Amino acid sequence: MTAPSGLPASLSAMYQELILQHYRAPHGRGVPAAPGVRVGARKNPLCGDAISVGVLLDGDRIAEVGFDGQGCSIATASASMLTEAVRGRSVAEVKAMATAVEAMLRGEAVEGLEGDLRALAGVARYPQRVGCARMAWLALGDALEG
Amino acid sequence: MTAPSGLPASLSAMYQELILQHYRAPHGRGVPAAPGVRVGARKNPLCGDAISVGVLLDGDRIAEVGFDGQGCSIATASASMLTEAVRGRSVAEVKAMATAVEAMLRGEAVEGLEGDLRALAGVARYPQRVGCARMAWLALGDALEG
Amino acid sequence: MTATPVLDALGADSSLASLAPRADFPLLAAQPALHYLDSAATSQKPQVVLDALTNFYTTANANPHRGAYALAAAATDAYAGARETVARFLGAKDADTLVFTRGTTEAMNLVANAWGAAHVREGDEIVITALEHHANFVPWQQLAKRTGAHLRIVELTADQRIDLDHLAALLTPRTRVVAITHVSNAVGSITPVAEVVRLVRETSPAIIVLDGAQGAPHLPVAFDTLGVDFYAFSGHKLLGPMGIGGVLGTRARWLECQPWQFGGDMIEWVNDHDSTWNVLPHRFEAGTPNAADAVGLAAAVRYLEALDMRAVREHELALLRSAHEKLAGLDGLTIYGPPPEQRSGVLSFTLADVHPHDLATILDQHGVCIRAGHHCAQPLMRRLGTSATARASFYVYSDASDVDALVHALVEAQRIFASVAD
Amino acid sequence: MTATPVLDALGADSSLASLAPRADFPLLAAQPALHYLDSAATSQKPQVVLDALTNFYTTANANPHRGAYALAAAATDAYAGARETVARFLGAKDADTLVFTRGTTEAMNLVANAWGAAHVREGDEIVITALEHHANFVPWQQLAKRTGAHLRIVELTADQRIDLDHLAALLTPRTRVVAITHVSNAVGSITPVAEVVRLVRETSPAIIVLDGAQGAPHLPVAFDTLGVDFYAFSGHKLLGPMGIGGVLGTRARWLECQPWQFGGDMIEWVNDHDSTWNVLPHRFEAGTPNAADAVGLAAAVRYLEALDMRAVREHELALLRSAHEKLAGLDGLTIYGPPPEQRSGVLSFTLADVHPHDLATILDQHGVCIRAGHHCAQPLMRRLGTSATARASFYVYSDASDVDALVHALVEAQRIFASVAD
């Protein structure tokens, strides 16, 4: 996980190579089309971006997940990481994960988050961008509620 | 025409004895009730005062004139003086007089105004009170137009 | 100006110092001989408020909510922080239920349109009182006219308090709105809010709208426990800048409201032929917000919090008692309103033979600023049978010397008008 | 930050000085490394404006129109004087036809309600354009929805100018309102007002409402010769304080309007069940006016008058040309809007592979403040097929160094995003 050089440390903490890779080549593109898929969507009225997340549950587990929409690098990478992180998990696990992500985005030190998701920690330094990272998680929440 | 003592010169110029006498015992109280009387009315929304002036024309002359309403000393004295000044005059003379009074209230030096009316000159120093002195003259104007 | 023997005879209480140092208020500090007794119209501003304005414009000036750069974030934070501060001052936990407006007038028009127009139907009833400022009278009168609802006006007791029996008699299951002033600007009467709330809740589903233009500056206000639905106020009357004020509402009532003004910030999504709306409080704040003046207002309420609103009330009551006693001793003077304990720091009066407008001019020559007129309360004036009263009103910077100057100047005015034989 | 070789290669014109000294603007003076390129959102304030605010509050603070004492007269005069000054600046002889509002948004809601609601009927037509800011879009959309009128949207040319042929095709004798932006905030297009006026007057009785939020700050405006019915603007975009703006109207059109907000100052006489209204402009200014910010606005327009609005336009055009040329040289960069001559100092663009929101954050790290988003013009964004653009906008204090910093930071942003292999 290296950062582009010649940038302020906080900026390179946000624009890590990992995030840019997810942005360039997002995972989980496309809301699954199967019957029973639940979709949640969030818009950011300020920048005009929108992300929707679709999940297919198998009992208590997330069998399928994917996202659609337009977003900046942070919004897109967050959605992409989300799909990787939640696939195969139980709803309870995912809710705990969402809570941990939210805390991380508020700048708190969190335990238990694994893998690529941790790369979003740098966003906390940019309050105006936290909303971007949060969008997919809120959309997922809507999908699980609805 | 003496002024109450112990006051700023400009204030005693406004509150001349003559003005206070007209306020205490106004002339021309009561809009004439005869058929053919024309009435004009003006309100001052800021202080809640209102003055109406009624005139009865005999050809081109003002045969009868009177006023009604509530007003401060300046408004009342101005109305009282008005009735004295216009009674028996031609409409053209009265219009010229109204123009002269308006100029005097704006602080201009005017010729040709006679009698008590000149006592209103002191009001020019108090822009917030000019509207009080003007009310009866505007009401008279409305009556002559209407 | 030296105290006259008349004054001493009246027993001037020169011990009543101002609650806030006059030196904190640049306008008053620059004019030591000025006796500003028109705070019910607008208040003077402490230096901290002017500093807050300057500070916003020199360190955080950007369009809030709309920028992704640090300066815009500073503006957004300053504006959101102001909302938190002002909501806390008025005892509202949920800051998002505070909608900023230009002042009380815009706030009342907002409630009358956003809630009123959506819920008031022909044959419904709207209850206001004869004590209301035009800002809490005309919007409801015109809403009634537009919708075909009936406007009911609660009459007053002999000392210009709201007649609670009449209020009770007017309330019905068709009453949709009860809009009442918290404190009368014209005569100072304080509304017994708990009584009103009890009466209304007993008999009708009406919303209760309080006009807090004179409440918020002069009394401690705890919105969350008042039990009313909306509470409107103006910043300029509580040491804040002009151009800012607001209205608190319960979340439930806000959610029953339709947007009233349309434009930037208040939308979620604009399609060609319809739109969806942003969340509270933005839904009711169309366009670039007045962030600078909101920040100035926040500085004002922090200043008042430091003084303590209970102390503000005590201070005004002490001045009012002293002024009341002294004025009552003048010949031909009539004071309106209930006893000082049931009044805020407003002293409304007439003097036999001297029109209020003349009084104001003469008092001005003595450096005493009072208001003369109908105080935007023509319905009340009609009921008092006068076109105008003179009104002196106190605030945190007022002291005994202001009261003394008032009494002194009134005696002078009487002397001028008495100097002419009938 | 040092200029990179890339920049030199692009031919930076370092000779373009700012029109107004940066030292006049305390925020900019305090942050020499800040490149504020978001003036279309809100402008920075010169010291004279802050001084005017402070001066009002420390020498003339009272409630205008309502007091009979000298301080209130000073406030009234200051407010009336501000109206004269601002009306003159916008080329209106009759100052009483200028109604102060909080800004353009409130102004448009005022016109839509005060004139629109009284004159637009079911089956009538309202014409707006796809270029409009939400403030000049949603009020008309909702008026159409409420009244059953048809909303017609003028589409754009390929370079985001109003398609005059389409406008002509939409106009009919049933057209009651044509509401168009003078200058687009999103892409900068300048409306050929004379053409529009000619087309409208030829075929319909419609009123013409111009959204001058981006016109008044950047172009000379002569309301009396424009031939339109209403012209709205915001003070905060033309060096003035937040919380103040206004709308000019012809006297004839104002007299066709119904009052919209009700309260103090706008009434003549309040009876229990109906009221009569004060004269222009007060009829449309309910409540305590924002006199302080009006005085601040007057100071701002005097500052602009001293610069000369023709010079302001020339200055922005020079910056725009230079920036346009430099940006056009960057790989993957798309600029929206017509050629610089037909644009105000707004540069709206996208960069392939870098989302505008990311651009704004990266540019901010270089001290370059730009706006990223839909610019309160979602209908336009839909037509552009994008959710957001990046926008840099210039004003009197902008200079060549701002342009250079922009280009430099864009190159950096490209580098960051290119650093990751696909």
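Labels for the chains are A, B, C and D, by order of writing; each one numbers its residues from 1.
Methods note: contacts are C-beta pairs under 8 Å (C-beta built on N, C-alpha and C of every residue); 3 or more make two chains touch, one makes a residue touch a chain.
Bear in mind that the values here come from a model prediction, so they are computed numbers and not experimental data.
> B-D or B-C: which has the larger count of contacting C-beta pairs?
Between the chain pairs B-D and B-C, B-C carries more contacts.
> In whole angstrom, what separates the CA-based centres of subunit A and subunit B?
Whole-Å distance between the two chain centres: 79.
> Would you mind pulling out the distance in Å between where the CA atoms of subunit A average out and where those of subunit C do?
48
> Once you find the CA centre of subunit B and the CA centre of subunit C, what distance in Å lies between them?
About 37 Å separates the centre of subunit B from that of subunit C.
> In subunit A, which residues are in touch with two or more of the other chains?
If we look for residues of subunit A contacting two or more partner chains, we find 46-47, 128-129.
> What parts of subunit D, by residue number, touch at least two of the other chains?
66-69, 72, 267, 269, 357, 361, 372-373, 378
> Select the category (line, ring, star, complete, other) that matches the graph of chains linked by touching.
Here the contact pattern is something else, fitting no line, ring, star or complete shape.
> Which chains touch which?
Per the contact definition above, the touching pairs are A-C, A-D, B-C, B-D, C-D.
> Which positions of subunit C touch subunit D when the two form their complex?
Within the complex, subunit C contacts subunit D at residues 26-27, 30, 34, 36, 38, 41-42, 44-45, 49-50, 53-54, 57-59, 61-63, 66-72, 102-106, 108-109, 133-135, 137-139, 141-142, 144-145, 151, 153, 234, 236, 241-244, 260-265, 267, 269-275, 286-293, 357, 360-361, 363-364, 368-373, 376, 378-379.
> What does subunit C use to touch subunit B in their complex?
Per the touch definition, subunit C meets subunit B at residues 353-358, 361-362, 365, 372-374, 378, 381, 387-388, 412, 415-417, 419-420, 422.
> Would you mind writing out the residues of subunit C in touch with subunit A in their complex?
Subunit C residues touching subunit A: 65-69, 72-73, 76, 267-269, 278.
> Of all residues in subunit A, which touch subunit C in the complex?
It is residues 43, 45-47, 127-129 of subunit A that touch subunit C.
> Across the complex, what residues on subunit B touch subunit C?
Residues of subunit B touching subunit C: 4, 6-8, 11, 14-15, 17, 20-21, 24-25, 46-50, 70-76, 126, 128-129, 132.
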